[in-house]
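The structure under discussion appears below in the form of structure tokens.
For reference, chains read A, B, C and D in written order, and residue numbers begin at 1 within each chain.
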Amino acid sequence: MSKLVSKPQDESVVTESRWQSLKQFTSARIALGRTGTSIPTGELLDFQLDHARAIDAVHRALDVATLNQQLVASHSLSHVITTPPLLVQSKASDRMVYLQRPDLGRQLSEACWQQLCDARAEYHHQEQRQEQHKGQHQGQQEYDLAIVVADGLSSTAIQKHALPVIERLVEKLSGDDAHTWSLAPITIVTQGRVAVGDDVGECLNAKITLIMIGERPGLTSPDSMGIYLTWAPKRGAKDSSRNCISNIRPEGLPYEEAAHKAHYLLSESMKLQLTGIGLKDRSVGLEEEAQLESDATSSFLIG
Amino acid sequence: MTASYRWQQGDKVYHFGSLAELMAKATPERSGDALAGVIAESAEQRVIAQMALADVPLKTFLTEAVIPYESDEITRLIIDSHQLAAFAPISHMTVGDFRNWLLSDAADSQALSALRDGLTPEMVAAVSKIMRNQDLILVAKKCHVVSAFRNTIGLPGRLSTRLQPNHPTDSLDGIAATIFDGLMYGNGDAVIGINPATDNVPQTIKLLAMLEEVIQHYQIPTQSCVLTHVTNTIEAIEQGAAVDLVFQSIGGTQGTNDTFGVNLAVLKEAHEAALSLKRGTVGNNVMYFETGQGTALSADAYFGVDQQTCEARAYAVARQFDPLLVNTVVGFIGPEYLFDGKQIIRAGLEDHFCGKLLGLPMGCDICYTNHAYADQNDMDNLLTLLGVAGCTFIMGIPGSDDIMLNYQTTSFHDALYARKALGLKPAPEFESWLAQMEIFSDVDKVRLNQQLAKPFGASIALLSDK
Amino acid sequence: MTASYRWQQGDKVYHFGSLAELMAKATPERSGDALAGVIAESAEQRVIAQMALADVPLKTFLTEAVIPYESDEITRLIIDSHQLAAFAPISHMTVGDFRNWLLSDAADSQALSALRDGLTPEMVAAVSKIMRNQDLILVAKKCHVVSAFRNTIGLPGRLSTRLQPNHPTDSLDGIAATIFDGLMYGNGDAVIGINPATDNVPQTIKLLAMLEEVIQHYQIPTQSCVLTHVTNTIEAIEQGAAVDLVFQSIGGTQGTNDTFGVNLAVLKEAHEAALSLKRGTVGNNVMYFETGQGTALSADAYFGVDQQTCEARAYAVARQFDPLLVNTVVGFIGPEYLFDGKQIIRAGLEDHFCGKLLGLPMGCDICYTNHAYADQNDMDNLLTLLGVAGCTFIMGIPGSDDIMLNYQTTSFHDALYARKALGLKPAPEFESWLAQMEIFSDVDKVRLNQQLAKPFGASIALLSDK
Amino acid sequence: MSKLVSKPQDESVVTESRWQSLKQFTSARIALGRTGTSIPTGELLDFQLDHARAIDAVHRALDVATLNQQLVASHSLSHVITTPPLLVQSKASDRMVYLQRPDLGRQLSEACWQQLCDARAEYHHQEQRQEQHKGQHQGQQEYDLAIVVADGLSSTAIQKHALPVIERLVEKLSGDDAHTWSLAPITIVTQGRVAVGDDVGECLNAKITLIMIGERPGLTSPDSMGIYLTWAPKRGAKDSSRNCISNIRPEGLPYEEAAHKAHYLLSESMKLQLTGIGLKDRSVGLEEEAQLESDATSSFLIG
């Protein structure tokens, strides 16, 4: 005898919230109802399931091969960044170490540091030849921007959102009238923290590092991506010298919006020759513009 | 000129290189101190360090700084603002005596208030290290710290809540919906405080305007806050925005605050700017600070000092600006600093105790992340313990889930649990408002109205009609 | 004829082979269930099991036994003593509904009392598995269970203590010294109960005589107990010993009780023997039971049932004999069954909740062993949580250290901490006695007399003279 | 500058207990004094130190070599038990496994089970030859008693107390007028639980197993030893079929007393052909006899 257990029979003791309609405005767990003043059983268990799954998300490994392949195959990228992505690791050897030793996640492993420096020297060499060929010459060979992709605390975020945002950003940069952006090859870091971008930028000799990283998974958003920008990246840089764009995912900050902001901050950074506290985000977002107009609805609360 | 410490136990002599080392080794186990490499090597060494620390005279803390006076403005603040007169009653004591005194009947609420300015964060951190959880609860419970702006926070028998209506795109509708939800559960008397996803000045101003409108419209005896960087808030004030409280995250070393992009001068500027607005009605505490163990290490600016001592030093910064609210965001950063429920609980109790003893209106963001080894049960435990300890305020979030900051904190329902289980009430002005708005049918018994509170019914009806 | 259970989540279907399996998989993590091999394989599977369990109708528990009716006298007791009339108000509910109802305002103290005989241990265990710690606290707090012998135990706002004066050689002087110490700290109203090191009848009789003498001499409104095997106590009664309470350790399966050398018939015999002595003054509850998660597994008599469900079944045995006291010795056996502080805390709250809901005067030995991953802070946490939950009684031991049973439990001081932090008082008769004997100078404020209580001064003076 | 920190200066807030004199009667932590109603700092820290040390005691390994050597070298044993001790292990491979898997600590490892059975067969063989030599013959060859020594939860207890108690017990048994005891070789088990004695008794074909085992360490007594007796030992025996003598150590039940009790229970067991619930300890201890007389002092409490 096997029975498919059915939905609860008696919910009469549960006081439903009368403001269910508000759920249209947010994915926050509002209007849960109550029993006495406690959360009803169903809502409680839903929460627990999400928690169990969010824990899993933390431990899921980034599928580097697939991401690499997608980046290489991306039509919109391939004609701007010709060199294939560089694949490196931090000093954190596995996930448990990563969680307990953020210091290790902030630095490239010795081998990878070397790998990037060698790669840089190699490109430098190639470029010099090209430039000599073209008759140009620059003393200090620098990239404007190194785009770094790191798993961070949610590989899912990176797996889903890194490519589309990079594509949109690179499109904007290559169409930029104000500045001609020279882009380093994309670097993919596993077991990386935000600051690992400094190592990458330093090795590749970039003016700015832009790192896309998996934010810690939330219950409702196990796949949120963050972008951090650092002018003059160098091992040991402070967080106050960075800017941040966070909550990137379709239900949060949309791809286009994120790329728009990143482009804005990059341009400002180029102008001011800094990032961080000194660089305020005064961009007006695409969605925000729209929202300013719809302000009326937003104040449903005040009738 | 740092001293070293010795302790003889049986025929063994133990050495500790400095006061900072002694304090670090005496600290109950936690991952951040292990990460920093300052933790005791064994359970036995930890107890030995506690024994040695218990015998350090309190006076020592006035002459031996854990971070040099010359290189750290917080050390300077601590030493320069120390009041010898207030210190007098305990000036002859060791750390161990101090614990005894704190637990004695002599240390009543009045005596504890009188002592505040005579205490340095390091003294308080030191004594907390040799106290059991029950000691931390019992003493904190005796410390009464009251602050006020548009209502009165921290009266005995009260537990306030910050309504935290975050949204990943700062959607005004989304935020308003959450505020509504929270108010219907009687949350929001400490502050309605939004962490903006987009951290810029126009955004801040927009959000502030919306909060102002809601508070005015329903005449809610509470205050608003947008938790953006202090420099943004200063700009917003300059642009005439309706700023009730100035928010800032702070740490316990100058280096930590450097990475946060703040210092005492900026905070002073912000404090004065907010005071000048004179928006408070029943009081004029205008600052809201957040702290949390681990920030100094995370900023690589801890100088061999354990994370709990760094945390207590942040309270010296907070104390300087007469805050309305100070919030230790205890499990927020993650397992790198506090590994599991046990460490989070201990840290929460320590922070609350240290803050209260130093005279701060101390609340706690009872929380954990999904990469930590903790769950709702751990939070229930800490919530109950802090409730017993007389915690000033906690967070209130729909269903415990912050969809923007990606962590779990106490829910609107949790706050009601705590009030019910422990017989606590919200701030008195807010309490009256809840009754008047018919949100509660019985505030004492923590019974909500079965019906939708009338004044709010209209908004919802309007909405449903659309 | 056991049913199997399915749950569909998204496009996945999960199977559970039996009600026992479903309940085991739904249990919060603990080492004993892992040892038994009945635990969920992942956090996700655990929640799925909880969801499926939440949807099981309560009626199911009346037809599907986790251990067969035919082979287990406790199952027979549970089924045969179930009262359909009492069950009626919730008979249409699922486990999930039952949780909702328990937390609702409808479930007040009266409604909960009326329900007792309609509940089976398995129903109660099942609902506890889907409850958070705060739920367990909130509901237990509403359950009032009162019992009485020479004083009244379990009134709301009271917390009693068992004075546990164990000595490794049963030295009468050693035991008396500890009793004295405990009384001076206001402990001992639940019972003065000795675990004898030497477990035989003459020893039992000797210890009983000594306890009787002390209680008589000082007219202490409390009861005594020697925690020897029930068969020894029966013999002692036959030999005319002064037995107040009959003690026995019990488990939740017939097999467990077999290894303990007891069964329902023996317990009945003992119960009747003790009742026949008519030694109670304000009441006639004469049994004292101890239980604790893990005994069934330790006795290899758990039949695939998780340890918390086995534990709840032990309460059916206890309930049968109208006990004065039931004590879950929660961390006593060790990490094999409850690994660390977190698991001990959870188990303590579960046991207290289940016991109370089933109508038992539930106390808790808040304890840990030196081979467990727990410490005094964990015990402080559990003590405070249980205090809030309205726990009936706890242990009181000098300095937390049982020098005979080799484990740590709550100290005399701990009990006073709990009373102070939570405003709790001892049993009313004992409270008066403490005031009258001048042990306390202020019972409400939990202030002990600075002077040695007069009536006792003599004994000590006498001793010093020798 | 190095300072030897000195004792607390101000203890005036601590209320000392006036009944310090009672400490002579017990090692329990009585008369601790109080501050408010809390335990004073000094006493609290003493407790914590003991706890840290008791944890260590759990993890300390039994020094089998030394114990073995002592047993072999013991003069009083050597002429009663001629075969040297058998050294075996349970199924628990190390201490962490031991703590988490009591089921494994209750059984001999496969190899050791075999080892004991082989040993038994070997002795049997030898004995038969001796008996044939003497002209005797017994069908079922059995030992009366197998003495087993297991580390249990405190190897310290075993290291200190096993030898002296065995010596005293064996002396009593060999001087027993009522019964001539045939003793199996002593078995030393590491990572053993009480029930592992059943395996040993079964392999060695003994009528009774007497196992000496380290009780879990207490704060004040990290070295307490227990003795458990089982009639007709066999894997799967129930605890209700055993008897127990506990708290053996100089500050608890003294060696002589323990041996006295063990001898009493063994003799009764032989008579009744059982152990456990059916066998009540009605022995009057040596110390207890003394104590009965000194009852006057014990009642200091009642003046």
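The definition used in the following text is that a contact is a pair of C-beta atoms (placed from the backbone, for glycine too) under 8 Å apart; a residue touches a chain by one contact, two chains touch by 3 or more.
These numbers come from a predicted model, not from an experiment.
Participant: Using the stated contact rule, I'd like to know whether A-C or A-B comes out ahead in C-beta pair count.
Facilitator: A-B
Participant: Please work out the Cα centroid separation of chain A and chain C, and write it as a whole number of Å.
Facilitator: Going by mean C-alpha positions, chain A sits 52 Å from chain C.
Participant: Provide the C-alpha centroid distance between chain B and chain C, rounded to the nearest whole angstrom.
Facilitator: 37
Participant: Can you work out the whole-Å distance between the CA centroids of chain C and chain D?
Facilitator: Inter-chain centre distance comes to 30 Å.
Participant: Find every residue in chain B that makes contact with two or more other chains and list them.
Facilitator: 105, 132, 134, 138, 376, 417, 420, 447, in rising order.
Participant: Using the touch rule from the top of the page, what residues of chain A touch 2 or more other chains?
Facilitator: 36, 38, 48, 51, 55
Participant: For each chain, which other chains does it touch, given as pairs?
Facilitator: A-B, A-C, B-C, B-D, C-D
Participant: Enumerate the contact residues on chain D facing chain C in the complex.
Facilitator: 15, 17-19, 21-23, 25-32, 34, 36-39, 43, 47-48, 50-51, 54-55, 57-58, 99-103, 153, 215-222, 224, 236, 238-240, 244, 246-247, 249, 251-253, 276-277, 280-285, 287-288, 291-292, 295, 297-303
Participant: Using the touch definition up top, name the residues of chain B that touch chain A in the complex.
Facilitator: So the residues of chain B touching chain A come out as 31, 34-35, 165-169, 171-181, 184-185, 197-203, 206, 210, 213-214, 217-218, 229, 231-232, 235, 258-261, 298-300, 334-336, 339, 369-371, 375-376, 397-408, 411, 413, 416-417, 420, 446-448, 450, 452, 458-460, 462-464.
Participant: Which positions of chain C touch chain B when the two form their complex?
Facilitator: Contact set of chain C toward chain B: 28, 105, 132-134, 137-138, 141, 340-342, 345-346, 376-378, 380-381, 383-385, 388, 414, 417, 420-422, 447.
Participant: For the complex, give me every residue of chain C touching chain A.
Facilitator: These residues of chain C touch chain A: 1, 3-9, 15, 42-44, 46-48, 50-52, 54-57, 92-94, 96-97, 99-101, 103-107, 130, 132, 134-135, 138.
Participant: With touch defined as at the start, can you tell me which chain A residues reach chain C in the complex?
Facilitator: 1-11, 13-14, 35-36, 38, 40-42, 44-45, 48-49, 51-53, 55-56
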